[in-house]
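Take a look at the structures below.
There are two complexes below, and they share chain A, which is joined by chain B in the first and by chain C in the second.
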Partner chain A sequence: MDDNNKRRARLRSRVRQEVQTEYESARRLMEARDDYDPVWAYFLDLLMRPMDRNGLQAAVGRPVVEHLCNQAPYELFHAMGVHPLRMASGCFAAGRLSAGDFPVLMCPMLKAIVGMQRLRESSQTAPSARVVPTTCDWVVQYQQMTDADPEQTFFMELPHLRESERGQQRWLEQAYELVRFLESRMGVKLKRKALASSVQIFMRAWQAIGRLIEQRRAGRLPAVWFMAVANSFMLDPIEPWTEQLQRVLGHVDAHPSQAAGKGVFLAGSPILFPNFKLPLLIEAAGMTVLGDDLCTSERIWPGAVCPEENSFHGLLRALAERYHMACICPTFADNERRINTILGVLQRYPVRGVVHHVLKGCHPFDIDSFRLERQLKSAGIPFLRIETDYVEEDNRNIATRLEAFAEI
Partner chain B sequence: MTKDEFVLTAGIDLGSTAIKVVLVQGGRMAWQKAVPTAPGQAGIAQKLIGEGLAALGQTSDRLTATAVTGYGKGLIHGAGRVIDEVSANALGICRLSDGRARTVINIGGQDVKVIRLSATGKLIDFKMNDKCAAGTGRFFEAAGRILDTPVERFGPMGEAAVDPVHINNTCAVFAESEIVSLMAAGVATERIIQGLHHSVARRVASLAGHRDLEDDIYLDGGAANNRGLVAAIEDELCRDLHVLSHPQFTVAFGAASAMERPPTY
Partner chain C sequence: MVFKLRLIVQHLFFVLLTYGGRFGFHMGFALPCFSCPFVMGCGGSCYLLSLQGNWWGLQMALANWGTVMGLQALYYLGLFVLLTLALNKFWCGWICPFGTLQDWFTYLRRRLGIREAQLSWSARDRLKPVKYILLAYMIVVPLLIAHAGLHYDFHLPFCRSICPAKPLMPLFAGSTRHLALDFTNTVTLVFSILSVAIAGGMLVGMFFKERFFCLFCPMLVLIHLLRKISPVRFEKEVGACLGCGNCRRNCPMDIRDVHEQKTDKAVLSEDCMLCMTCTESCPADGVLSVRFFKWRLFSSSRDYVARRFIKPHKAGSVKVKV
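For the complex of A and B:
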């Protein structure tokens, strides 16, 4: 091993330790909460295995296909006998392994993802394939950042203009392309029956998540627990995960928490374990998150898939339509659906303000926050924009703003 | 003497750079003092209260209640009221301006805030810098060290400059190196200081967003004592600013006022 390799190995070893510490501290924080119950242990266990391709592959007994973002239908992967693993991480320490090779103001989530990849590349088998929806600029560059095999990577080329027939058609075409790519990579043929079965299996999960969302809207479930559940989605086979979620629903029914203080809606960039600092600070400021539009939280739920016909095409079209409609990522140029969704929640539930989270370097949400601020404030809705990253040094500054926001 | 005039309350603002204590009697700031932030903030604040009571010829049993605000507010236990500094600022400036203030710009040790408030001092909206020291009290302290000039002299020195230099940097650290370069190029200290005032003013204006500002606009925080900075912000915003006496104590005063009966304007 030459000196450079030795240095790299040493850094990896040090970062691995820091990552471990970061995850364990975050878990201890969750377990030390007054509202902790053993029902959450399963989800915390899953969160402690971030992007663990080998472990997941062993648990699900299926090849793992990595993906970024939420636009590719999960049902489709499942029906093809593969398991989708979302590349996402809220780990600050992991970002150290990639920070030197990329722009300083790069999205911390992508830094953490690449760092995690590097941390595990020596011990993990390569993924069977990668699916990269062309959403934000950082995500589009993912394959180059990781030097991934282009043959193994499928770019799901989504439209930037969405609210049109053409946008809908494009989504469906890309769903067909994804099927062709996976068939060719995995050597399996997607069957109508398998797809119909997967739609049913996921429908049970979507129904359970839908109920959990309603529990939170009613102020019966703190945001951090909702996020712990959502973040662990697809970190285990879907069936046992759904069963555990049913247990959670029973627990929340039996032991609802009491919403404290002002109800707020949390919008913006993704929030990922172990970095739950913003929901925790919101809670500490005496507010309760009753809803969110984070792609790592409520937006993992595309809603019920309702095929008009049970043909292969009918199923695929229903899936494409559902994921298309559910996606309110500001990488789309025409995104009125996002503000309308927020206003809808504000009208129906006791939400008195919007906290907008912007991860430093997350340009789409950063830009969109200004439009959203104008629109919401003109409707008399208090709005607070918090720009931050994975460090904790700005906690006091953020807490000050949240405490004041609670008084508006 | 009315019943309210017998009420004596203390407001403590544990800020990032200074501890401010005010004693409020009959709705007026009867005594105030600031000392630099140091370890043992709770003890320092209590000592200051004792000093204030002695100065007013009062004893501690006359003190009706104590309110605390600021970054260190969690350090004081048993306060009658704990209030966030933005709300305290809004209430303080409202009372001190007899209900006239609608916007207040606060330049604190490590924050810049632009706060909109109602006629009764209720917080309507606010903006605050992220984790960046540019444009804050710390920024001026750092500049003072490099220029070997006490911050207290920035006001008159800046005002004396007829053609301020343009300082581009919005980052406190890089602005320091820009100042060093200007000094090396032989630029007069007065011109650099006034350049700094304009640099901070641009930052404040950018945070404020012109359309969010509603007259009357007040400036507070320790930096409001700097006349050169006030002029630069007025110039940048194209608006007049009001600065009250003791602008450093508005937040502590607001905390104390939160425990008093609201006046009728």
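For the complex of A and C:
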């Protein structure tokens, strides 16, 4: 082993240790909360799984296909007997492992994703394939950042216009392409019945999470617990996960916590375990997040799959549209309806303002936040933009701004 | 469930309007739906027949206003207006027996797992004026007969040469005679060939495309003219729409307006038949609602979508507490 390699191996083992510590301390923090209950243990266990890919693989019991972003339909993977696992990470330590190779102002989530992949030892199970919907500029560079095998990587070309006929057709074609890609890699044929039953299974999860969303909006569930549940999606097979969600619903029904302080809506860039700093700081500033439009939280399940046509084509079209048209990711050009989700929550629930999270380097949300700010302020709704990344150094500063916001 | 209620209403009216006359039930001669009087023993008659009829049509009212005949034509018109005001497009989506017949074809196709034929947006838009042309045809030809000496063989032009209900609906009363060609003269022959050919084409169209005939139906135009003063309202809370597109994809009439509307709350569009499928598939609480005066008949909701689209739990799969 030459010096370079040795140094890298040393760094890797140090970072692995740090990653472990980061995940564990985040977990301990959650367990030490007054509102902790054993019902949450299952979800906290799942949140630890990304560190142990072999364990995860064994738990899901199917070949794992990794994907980036929310646009690749989960139901489709599931119907083909594979387990979709979203590559996403909120781990600061993992990001440090890759930071040196990329621009300083690159999305910290992508840095963390690449870092987590580099940490994976050769003994750990590699994914069977990877699916990358071409959302933002960082994501489209995914392959060259990771040297992923092009044969095993499928880029779903995401049309940035959703309300045009051409955009919708192209996306449907991409869904067909994805089916072909997975069929050729996995050697299985996707059947209409399997797809229909998979749609049902995920709709049940959608229904249950809808109830949890309602509980949260009504102020009966602290934001961090909601996020813990949401972040753990697909870190276990979908059916037991949904069952556990039912237990949680029962628990929240029986022990509703009372919303402390002013309700806010949390918008913007994704927030991922173990980095729950923003929701925790919001809470510490005396506010409660009653709703959000984060793609790692409520926006994992936007819209609903409602197929009137149950032919294979009809099902695939319903799926494709749910993942394309219902998503309000600012990588889309025609995204003026993003504000509607916020206004909808604002009208029905006691939400007093919007906190907009911008991950440093997340340009789409950064740009979009200015438009949103104009729209909301003109409607008299307080708005606060928080730009940060996975570091903790700016916590005090953010806390002060949040406290001032809570006073408004 | 709205769709179940709709199925019951549709079938009830199918039976009443197809066989009602045999039991003394008749809803008059000005119905805003294709309840075809060529069906022996039907329970009500489509207004388009009254509109085109030389002795009771619009041209008669125009030529003889003030006389008994003229008044009778106006009476039919007035009745049609009243019925249309009361229920507006519900006549299309919930009552029209020919619409129900089309829905049977769709049901069959879906059962067979055959995919629906999809029209491109531009093709769909190009079809829109056809119903106006048909309406003009059924108004102008009788006027020409009455005032410009056009031969009487051209009478009831729409019923006899275009409407697929005329050859098809009498089949439910056991009559095949409207499928026969009429060799009396060239006009009758051409009319009857057209009628049978269109009916055949429609059967194929109706199988592959939901409510295929409705895309061309001139009754939609007439009903739509009165929408502004009808108490029936179809509204959208535009500021809360997620843009998910369920309403557009599931609309049997391929209407894009409901999805696209971002400013105006009235979304009862020209081709809408108030089947409410869009409202049933909209997961945004209260975004789409159908009202009668100020009363809300039905509103979209996430809860309803879950009940409508999630099949009852079977053993072995996950149970979800509702």
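One rule holds in what follows: the second predicted complex is superposed on the first by the 402 of 408 C-alpha atoms of A that agree within 3 Å, B and C clash if a C-alpha of one lies under 4 Å from a C-alpha of the other, contacts with A are read in each partner's own complex, and residues count from 1 in each chain.
As a convention for this text, a contact is a pair of C-beta atoms (placed from the backbone, for glycine too) under 8 Å apart; a residue touches a chain by one contact, two chains touch by 3 or more.
A quick note: this is a predicted structure, and the numbers were derived from the prediction, not measured.
Of the two partner chains placed around the shared chain by superposition, neither chain B nor chain C is touched by A:E24. Contact with chain C, but none with chain B, is seen for A:L343 once the two complexes are overlaid on the shared chain. Judged by the touch definition given at the top, the superposed model places A:E392 against neither chain B nor chain C. Within the superposed three-chain model, A:I201 lies in touch with chain C and out of touch with chain B [touch as defined at top].
Residue contacts after overlaying the shared chain place A:E183 against neither chain B nor chain C. In the superposed pair of complexes, A:G210 makes contact with chain C only, with no contact to chain B.
By the touch criterion given at the top, residues 377, 382, 387-388, 393-394, 396-397, 400-401, 403-404, 406-408 of chain A touch chain B in their complex.
Contact residues of chain A toward chain C in the complex are 162-163, 165, 168, 192, 200-201, 203-208, 210-211, 239, 242-243, 246, 249-250, 302-314, 317-318, 321-322, 325-326, 328, 336-337, 340-341, 343-344, 347-348.
Touching chain A in their complex are the following residues of chain C: 110, 113-116, 120-121, 239-246, 249-250, 259-260, 262, 277, 281, 283-285, 302-303, 305-306, 308-311, 313, 317-322. Remark: chain B residues 71, 84-87, 110-111, 123-126, 128-131 touch chain A in the complex.
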